[in-house]
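Quick one: structure below, then a few questions.
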Amino acid sequence: MKKLLALLLALIMVLSMVACGAKKEPAADDQAADAPAADAPAADTPAVPNEEDVALEFEAVAEVDDKFGGQLILQTWMDPININFYADYGSVGCSNYWTCGPQLVVYKGGELYPLLLESWELDETGLVWTMKIRENAGWSDGTPITVDDIIFSMEYFRQDTFTDFIFQADTMYFSETPVYEKVDDHTYTVTTTVPYPTIFDFYAVNCFIIPKHVFENVPAEEFHTTTVNSTPGEIVCGGPFKITEYKIGEYIKCERNEYFWDEVYLDELYWRIAPDGNSMFTALQTGELDFTFLMGSKYQEAVDAGMQIARTNGANYSGISMNTQDPILSDVNIRKAFSHIYDQQLFIDQAFGGQGEINKGFVANMRFEDPDACVYYEHDVEKAKALIEESGWTLNADGIYEKDGQLLEVTYIYEAGYDDFNAMILQSMFEGTGVKFNIEGQEYSVWLDNVDAGNYQMSSNYSSLGPDPANYYDNYLNTSLFSFYRSETLDQAWIDGMTGATDEDRQAAYSAVQHELTDAAVWLVQPRNWGYYAANQTCGLDEAQFTSTGMFVYFHKLYKIAE
Amino acid sequence: MSLLEVNKLNIGFQGGDGLMNVVTDLSFDIEEGKAVALVGESGCGKSVTALSIMRLLICPPAHMEAESILFEGKDIQQIPERHMWKLRGNDISMIFQEPMTSLNPVTTIGKQLTETIRQHTGCSKKEALAKAEDMLREVGIPEPKQRLREYPHQMSGGMRQRVMIAMALSCDPKLLIADEPTTALDVTIQDQILELIADACRRRKMALLLITHNMGIVAEAADEVMVMYAGQIVEKASVQEIFDTPMHPYTNGMLRAIPGTAHTGEEFYVIRGRVPSPLFFSKACRFAPRCDHACERCHKEAPQLQDIGGGHYIRCWNPIKGGNANE
Amino acid sequence: MNSGLKFVIKRLLVMIPLLFAVTLASYLLMTITPGDPMAMYVGQDQLRQMTPTQKEQRREALGLNRPIIVRYFDWLDDILHGTFGTSFKTGQPIEKEIGQRIGITMSLNIITLFLTYLVGIPLGIYCAKHKNGIVDNAVMLYSYVGISLPAFWLSIMAITLFAVKLKWLPGLGLSDLTLKNPTFWQEVWDTIKHLIMPVGLTVITGLGSMARAERNLYLDVINQDYVRTARAKGLPERKVKWGHAYRNVMLPLASEIGGSLAGLIGGSYIIETIFAIPGLGAYSTNAILDRDYPVIMATLLMSSVLVMVGYLVSDILYCVVDPRIRVQ
């Protein structure tokens, strides 16, 4: 009898604890790999923030007289692959590069901000850039940064052993090898036979300047594994900070580089390595982190806690490919119909918890984005049905469209274990529309193979595209990313965009590209989600300028607000 | 003055259905140097009686109380638990039925012997080892020095029992309680061990309380016999008298049940019925339900233990006269 | 002890074919999984960038067109030459990465184990002595609860309570970054503060079962005949307990330690991730999620070795403590 009571009591206790636990958000499955490629947050819907609530920028929190001194702790997802961050090509390495490496220029929105590169000029032919770098810039060991370093880096990374695309970036963007020539210690020219407009995208995103005096004797094959520049405290850094300490799995400590070309406010900057979203948020609340990526589900809590919040546009959701080589989908009416069936707002509500906005353009965050040139398909099932029927499909007894004995049936493939939720949302959108919509999750490598080979009808796209459409060109030519759609006008427009001498020329070309791609309904355009970053009240972020890729334009202008 | 005097010992067990009284108002005494056998069937309470003397019963679930338990005139019930160790193994020793489980399997024989010796005499390890060796020799174990380093599992059952005996005797106790010491052994060894015990007692002028269900070994080893049934002593007499003139029907039955007295072709004699559960002890004579010799009074009134002369006590309204075991 | 030595050597020798079998089986299983076998040799990022012709060339170069067994022996060859290979994700030698993490994982697990025993054993004995008392029933109940509560939920609740609301303890990591030039002792105390929650939570969840096991063991032993004999021959209760009872109680526990060696590798994934502790648990599990095959094989090998060594240690301990087993 007593035993029975005890057992009952135990059961009640456990059940009540489980019930309590169910109210909290699930934890470990919110781990995203990289901040920019963050997956959808948990499905519980916090209040959709107003435009006024959410600032696109961090605003000044307090007026501070003396901004010098102090330390801030930022967050990063994982250990750097190589503490010699020049050799690192992961996103974490890049954040080290931005804090500690010499950055020539950087983009914020569509604007180019000069950093190490002070000014640039194009000559009348449009083929020669004269670049001027700052004269007071120095490496952290006191050696001045000169044009020698830049030219050395360009030539170094052109060597054959560097097959990783990141290091081949300048040839990746551009088919010929630009010629770099030194004019004096702080001036150089870049000469090409055709206009080279993408040079600044290269400089802003993928360009690594390495110190010549450190690496000149390191053979290319050993670059990734050399220990030459790997001792914290002795690593030669060209950015506002230098790395002085590194504890595996815990943190990277950076200190002010006195030789930086501008004033650096902070004494110390820490990158704390924290892989779990929930942990990061609580660390923010306890003060163990000053600034971090914020999960959408924590948005309201952060607002209530009075934190500084910035919203950026999240990952480029490049859309869902509809394979134009497939018999059913080769019909543009069907593709347009599907675009009308796809409901962006529903997707925002269910997949992003309301934290997102409808994408009227082609791809979010793209430079030369021209939503007006794009054809926008509003959610309208009636219109969709009209289009389908226009192509000769009729509803059969089961309520599915049929033509010549074939059902209007498509299968959507996706990476099992990652995109399941999104796939289900998609499937629910097609219910009752007369389209038989199947979803099929596949193991990652299998799915990848199928997508590359074109063995699919519809699939989520896997590439995340950079800000400049120029780097889409290869994809357009080679992979299934653009649904195997080709046309002569489109081919030419892409090339015009890449080679256009001025931004206006490029804009015109890319507008045409966007127009044709959307008109041909190559993709189901997906909405853009919002990514949040939060900082507690001790962070002075206003001058630092926050970019949409989740980084700061001016790391050296971060400052600490004393409590 | 008797060496050990037990007066009105009561032992009960806390069960799910209440307190079961297993031993009721038991009284007996043992004189110096005398060997007393306590005989009875399994379940009659003899083992718990033996354990209770040295307070080795685990209470709860057991519950014991006695008017007095006098050892050398002093009531040992008054001794607080933390001082009991001085008595145990020193003045009174006990050996048990299962020598294999009664010895610690992971400690050497030597260690088990010397720790008793050192505890009670405070001598050095070397001295204790020497004494242990002597004891082993005394109990007839060959190569005693070697044995000290061995473990219980390396010895046979008989040898282990010898070791137990050695342990019990090592501090020269005045009373040895042996709870079914031969029951778990081979028949061939039983005699040896019994003889060993009996000899040791005689030599050392040590009193012996021998618990057993086997009337056969009683004859060999005991001076006096107490027959126990259902928590009470039903007959007490010298060993001669018990065998020649058993008066209690139960004793009689037990003697008759010894296989040796049967003739070929006859069925074994068995006392009919079974020992009742302590919850259902009769308020009158507890043996009456099974007794062929019972009269009316037996079923109504509880008989007391009465002295019928010559040191012969009996608890019966209708004892068997004449003492022919085969009646 | 010559026979003892022989025993150990024999067991070590048996380990070799066993390890061989385990690694071969794992390798085969991985090759059977669907998807391009190249994924086992080339990281995901690189794979995406390659054109079909490049892939074919790489396939040739890697010898993927050879039979599976031959490829397995290649890997084995590397292992025998003392290298685990390099990780796909980071390109770093795996030995180095494991070396960087093993220290913290082992310390964490050893401390946890130690504390669990330290608190669990006396608690269990207390429960046994006061059988069916309040504490006993509470601990019995608690042992079920402890196992049932999910670790991540507990962690988050603990962090929310102790780090955010009460601000008694730090919420993640192993060091306080705001400390300026801490002395050695300050650093030690700082690390301890950071470990209180992760270690504490693991200990708390495991404590219940440890106490329960101990209690039952104790009850078993204390009613043994030899304990009664020890008492009967006049040993004071303290010596009865320490000399006889406890030793036999410790027996099974001492050998359990060997078995928990293997848990050192993968055991603490959730705690390590939530508390941002750079350990082997997170490392090995993340490798599986990232499909970082060289790391998977390396950690698999390590676990297998640890499991076998662990059992060997258990058996040796058993022999040392229980002389009955030595005969075999």
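Each chain carries a letter (A, B and C) given by its place in the written order, and its residues are counted from 1.
To be clear about the criterion, contacts are C-beta pairs under 8 Å (C-beta built on N, C-alpha and C of every residue); 3 or more make two chains touch, one makes a residue touch a chain.
It should be emphasised that the depicted structure is a prediction, and the values quoted were computed from it without experimental measurement.
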item: Identifier of the chain whose CA centre is least distant from the whole-structure CA centre; value: C
item: Farthest chain relative to chain C (centres taken as mean CA coordinates); value: B
item: Mean-CA-position distance for chain B and chain A (Å); value: 89
item: Interchain centroid distance [CA atoms averaged], chain A/chain C, Å; value: 37
item: Computed distance of Cα centres, chain C from chain B, in Å; value: 54
item: Residues of chain B defined as touching chain C within the complex; value: 54, 56, 58, 81-82, 85-90, 93-94, 96, 98, 101-107, 115-116, 119-120, 151, 153, 164, 167-168, 171
item: Residue ranges of chain C touching chain B (in the complex, touch as defined); value: 223-226, 228-237, 239, 243-244, 247-248, 251, 321-324, 327
item: Residues of chain C that touch chain A when the two form their complex; value: 33-36, 39, 44, 46-49, 51-52, 89-92, 100-101, 104, 137, 140-141, 144-145, 148-150, 152-153, 155-157, 159-160, 163-164, 167, 170-178, 270, 273-279, 282, 291
item: Contact footprint of chain C on chain A as seen in their complex; value: 6, 9-10, 13-14, 17, 21, 24, 27-28, 31, 71, 73, 79, 81-82, 90, 164-165, 224-225, 247-251, 253, 270, 272-276, 278-280, 282-283, 285-286, 288, 443-446, 448-449, 452, 462-463, 478
